[in-house]
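There are structures below to look over.
Shared between the two complexes below is chain A, which has chain B as its partner in the first and chain C in the second.
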Partner chain A sequence: MKIGIPRALLFYEYSPLWIAFFSNLGAEVVLSEQTNKRVLHQGTQTTVDDACIPVKLYHGHVLNLKDKVDYIFVPRIMGVSKGDFICPKFCGIPEMIKNSLTDIPKMINTTIDFTKTDKHFNDTIIEIGKYITKDENKILSSYDSALSEFNLYKDKLKQGQLPTDTNNINIFESNNRKIMLMGHPYNIYDNFINMNVIKKLRDDQYDVITPEMIDDNITSEYALQYDGKIFWNFARKLIGSCLYEVEKKQIDGMIYICSFGCGIDSIVSEIVERRIRKANIPFMLITIDEHSGEAGFNTRLEAFTDMIKWRHNLENNLSTHG
Partner chain B sequence: MKITFPHMGNTYITIKAILEELDIDVVCPPKCSKKTMELGTKYSPEFVCMPFKLNIGNYIEGIEKGADTIFMLTGCGPCRFGIFSSLQKEIMLDLGYKIDFITSDRFSNIEGLKEFYNLLNKASGKKGVFKILNTLKKGLKLLDEVDELNDLMNKVRPREIKKGEVDHLAIEFENEIITVQGFKASFALIDEYNQKLKSIEIDKDKDVIKIGIVGEIYTLIENYLNLNVEKKLGNMGVESHRSTTTSKFVRDTLDFIPLIRSDKKQVYKAASPYLATPVGGHGIHTIGNTLLYKEQGYDGIIHILPFTCMPEIVARSILPTIEREKDIPILTLVIDEMTGEGGYETRIEAFVDLLNKRREVKDYGKAISWN
Partner chain C sequence: MEKLYLGIDVGSVSTNVVIIDGNNNIIDKLYIRTMGNPINALKEGLKHAKVKMSELGSDFMISGVGTTGSGRQLAGFMVGADVIKNEITAHAIAASTFIPNVNTILEIGGQDSKIIILKNNVISDFAMNTVCAAGTGSFLDRQAARLGIPIEEFGAHALNSTTDVRIAGRCAVFAESDMIHKQQLGYSKEDIINGLCEALVRNYLNNLAKGKDIKGPIVFQGGVAANIGIKKAFEKALGLEIYVPTHYDVMGAIGSALLAKQEVIQKQKTKFLGLEMADVDFKVKGFECSHCPNVCEVIGIYKDENLSARWGDKCGRWTNINIPSPTV
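Our next item is the complex of A and B:
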């Protein structure tokens, strides 16, 4: 049996877990292609126009799997831990797909909802696994081994490796200047939509830090410092990382990548910007959408990195004549 | 302590009356206007939804009128409303206003209610359980009556013989309600205008087009933001009904208390074939109410949402399927600070024309007024 996983949204957060789980169960996992112009175009054409770009890409990736698989894994994610919420579009993504796309393979739409209790955790796992096998013990053991694999992967992230990296690198030992790349995982790791920002920064001798490199427990703890209840999973991670970096002062600049019209980013980027500016750390907000003009993007990135260099070399002694 | 609060349609009437009844100094901010929007847009994040921006405008205008404390609801859920208050507080403090910000979790559970009670008790100088509960109960009734008055206006407006009578009364009512204080006077005034509305001469047999308005609650009930959609429709000879009101919203959140009833279950059930779970905000209500309006024989649906509203985007991607399968025309209007009234009106007019033609085809087999 072939299970398709769209390479979009939470794929960038959980892909090793999902891939290992389905493989352990004996299914063949088919991933959609890396994001490309065609995927973007198809997604933009089919999705309701005021959706954000990641949701449009998700539609494109689902279409990319059409005719290739028996089932597409499109879980309805309501929240992954107690008291947590997630963007409403994740809660409604199965319906969005169903109503916008036609002739697509059957979907695995299991609801993943641990916002009130996680008592039914095993039931949720079994419900997903049942599409492939009836053997409940096998499903649970497959999940357990997938989970331990996933934990190893997460440890690697904490050492400074990015999900998109194939070789081992440890940035915390290097002396390069460090730029923190903030944003949702599906914006900062999808190299097509963010115009290869990570490679560009690395080519310019900067190390890239992302929120995924900071332990979840640390970010949750720091997020508590923020006055007000942060109930979105993503927001807690981002605000927590921001407050952590403000205190540790180990970064030389921050680039926030947000997608046009993102509801969560509209709030979080504002909170982060206010905090980072007060800490006197250079900050740049880059908004991405379906337009792909790379020149303007490069110009802004170069200006930002140049500015950081000047800041270190010249302090404030900049000539007003440029 | 002088409290101000953000506007949301007609809700100010009730909030003002409740606070006055409890002897709390209250400053009602000026009605939402272009100035409110400009102030709000200037100081708010770019991509945040319109309600947030208007809130900020209201605060600033309220402070200009002498308030030193802001009351705002908070909460928790997929919609970004829950995080409004903490960011708004940060913005206001960064702007240099020396204000207190009091928030209360929206009362969806016992703890939230207790917190709200403690807040009122403290602010009112220890008025006690009985007085406060009684005030809140009356407040709920006032909320209902204000919404009923609005419903009545929507019913009378398309049928009035002398055009403009309802609009005239509506303006008069708004000017007077802001001057009266407390429950007794508010109820009396609503009663008076109820009578006045009922005595307007109407064409009883007029066969009017009926449109249900669904969408995000704030946009639906804040007439400044939706550019008076009900008034516009009424003057085109269309009876409109808005699906979500403050009184329904309060009932929805309070319905864990045995005596309070809401139509939440009915709406969720109606929506279930198309949307299985709530997606925050009023996403599921949009779907459910659209289907309920169809059952009740409405001619069309207008769906209104502020730009970037997350739950409504989910609803919006489902509505075309409903439109096709249930054969009910749906017009979606997305609103932000750049919305121009002219284009907006043209779309509504075109939609109403289309509904008129559909009615004719249904009644006579063809469109007779085609030109």
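Our next item is the complex of A and C:
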């Protein structure tokens, strides 16, 4: 049996878990192609106009799996951590897909709530696994081993490897200047929609740090320092990462990538910007949408990295026009 | 032999060419409309520079060239640039060279607007307009044309305003409909133009300059700095004096010439291909690559009919010009 997973939205956070789970159960996992012009085009053509670009890309990725699989995994994500909420688009994505797209394979759209008790969560896992086998013990043991694989993967992230990296690297041993890339995982790891920002920064001799490299317990602890109530899960992750970096002072700049029209980013980027600026760390916000011309993006990126180099040269009393 | 340096800024609306000497004096400057054809605009600029160089005589030579602006890659390839730099860096270099201790640069061009904050002559912060082109030169151009006023005189009309008229400045489409509605109520052109200048400045300050630490000395540059109405509106809103440099319209080109000078002095050589490039036939031919679903729009630059550079492909497969372009 072939299970398709769209390479979009929470894919960049949870895909190793679900790929391992379905594979352990004996299913063949098929991923949609990397985001490309056709995915973007089909996504923007079929999605409701008001949706943000990540949701449009998700539609495109679902279409990309059409005719290739028996089921497409489009879960309804209700919650990922206790006490905070996830953007409503994750709760409504199965309906958006059902109503906007036709002639697509059957969907697995089980409701997933990671904040449920173990007993309840086991029911969720069994419900998903039953699409492949009736053996409940096999389903649960497949999930358990997938979870341990996932935890190993998360350890690798903490050493500085990005979800998009294939080889092992450890940036914390390098002397390069470090730029933190902030934003939702589906913006900072989708190299098509973010105009290959990670490669551009690395080619320019910067190491890239992302919130996923910081342990969830640490970000949650640092997020407690924030004096307002943090409503969204993403907000907690990003604000926590920001406050952690402000204290550790190990980054030379921060670039926040947000998608046009994102309600959560509109508030979080503002909070993060204020804290980062107070710490005298260079900050830049880049808004992305369906652009494919890179000139405007490159101009900003180049000016930002120039600025960091100049500042360093000034501090080292070298030529100011480095 | 005196060494001169060429700076080229190929922007969305104008293409600017300057020549500076070793002491940063402006020997020549030229501001031409790009008119959607950067290659022709640049060739015209180079022809002009050639005439100027022959006037100066054989004691002078161009020893380095820098390009900036959104067409900087194309221009850099055509002339053999020593430095290809983004326009934010170029503007900051130019302003800080000519106006010592400048703290804030307001730059409004054809399609972009920027704010650059400097500390100790080094950029400490900047912002560029994001999704909206309201409050840039193209918008003013369009409104001037609609009112039948030459853009050069547009700003001066604002100074004759007697009544405050508020125009919506958040969006160019909103601004235009608001202007039309106010005009239909009978407000004078002068009042409406003044209202528009104030709206543009309000939009700039609320959007780009939001949260920025604006301190004097403030320099206002870019093509729109010619507009006295906008300058006055900035002064009114900020309560600070705004300084418009003599060569406000070509500051980006000056910055790239300064960068080129520095590069050439350091490297002791130039990649400049010579002003004869003005007479070379440059053509651009594009094709859609069908190798993967990205369907990249690949651009080939032909120099006298010979393919000499190609870009636009994400994967770089067409960068090697020895591979023939597919026949379309």
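Assume the second predicted complex is superposed on the first by the 308 of 322 C-alpha atoms of A that agree within 3 Å, B and C clash if a C-alpha of one lies under 4 Å from a C-alpha of the other, contacts with A are read in each partner's own complex, and residues count from 1 in each chain.
Here is the rule we go by: a contact is a pair of C-beta atoms (placed from the backbone, for glycine too) under 8 Å apart; a residue touches a chain by one contact, two chains touch by 3 or more.
The shown structure was predicted, so the numbers you read here are calculated from the model rather than taken from an experiment.
On the superposed chain A, the positions of chain B and chain C stay apart, so the two partners fit side by side. In the superposition on chain A, contact of A:269 is made with chain B only, not with chain C. In the superposition on chain A, A:111 makes contact with chain B only, while chain C stays out of contact range.
Of the two partner chains placed by the overlay, only chain B lies in contact with A:78; chain C stays clear of it.
Looking at the shared chain after the overlay, A:311 reaches chain C, while chain B stays out of its contact range. When the two structures are aligned on the shared chain, A:203 is found in touch with neither chain B nor chain C. Residue contacts after overlaying the shared chain place A:95 against chain B, while chain C stays out of touching range. Contact comparison for chain A: of chain B and chain C, B touches the greater number of residues.
Once chain A of one complex is fitted onto chain A of the other, the partner contacts of A:260 extend to both chain B and chain C.
In the superposition on chain A, contact of A:226 is made with chain B only, not with chain C.
Seen from the C-alpha centre of chain A, the directions to the centres of chain B and chain C diverge by 80°, a value given as a multiple of 10 for the model superposed on chain A.
Superposed on chain A, the gap between chain B and chain C at their nearest CA atoms measures out to 5 angstrom in whole units. Residues 260, 274 of chain A touch chain B in one complex and chain C in the other.
Looking at the complex, you find that chain A touches chain B at residues 47-48, 50-51, 76, 78, 83, 85-89, 91-92, 95-96, 99-100, 111, 113, 226-232, 235, 258, 260-267, 269-271, 274.
Taken together, the chain A residues at the contact with chain C in this complex read 33, 36-39, 192, 196, 260, 273-274, 277, 282-283, 287, 289, 295-296, 298-300, 302-304, 306-307, 310-311, 314, 320-321. Residues 45-49, 74, 76-80, 82-83, 85-87, 89-90, 94, 274-281, 283, 307-311, 313-318, 320-321, 334 of chain B are the ones touching chain A in the complex. Per the touch definition, chain C reaches chain A in the complex via residues 70, 85-89, 93, 112, 120-126, 128, 130-131, 211, 259, 262, 292-296, 314.
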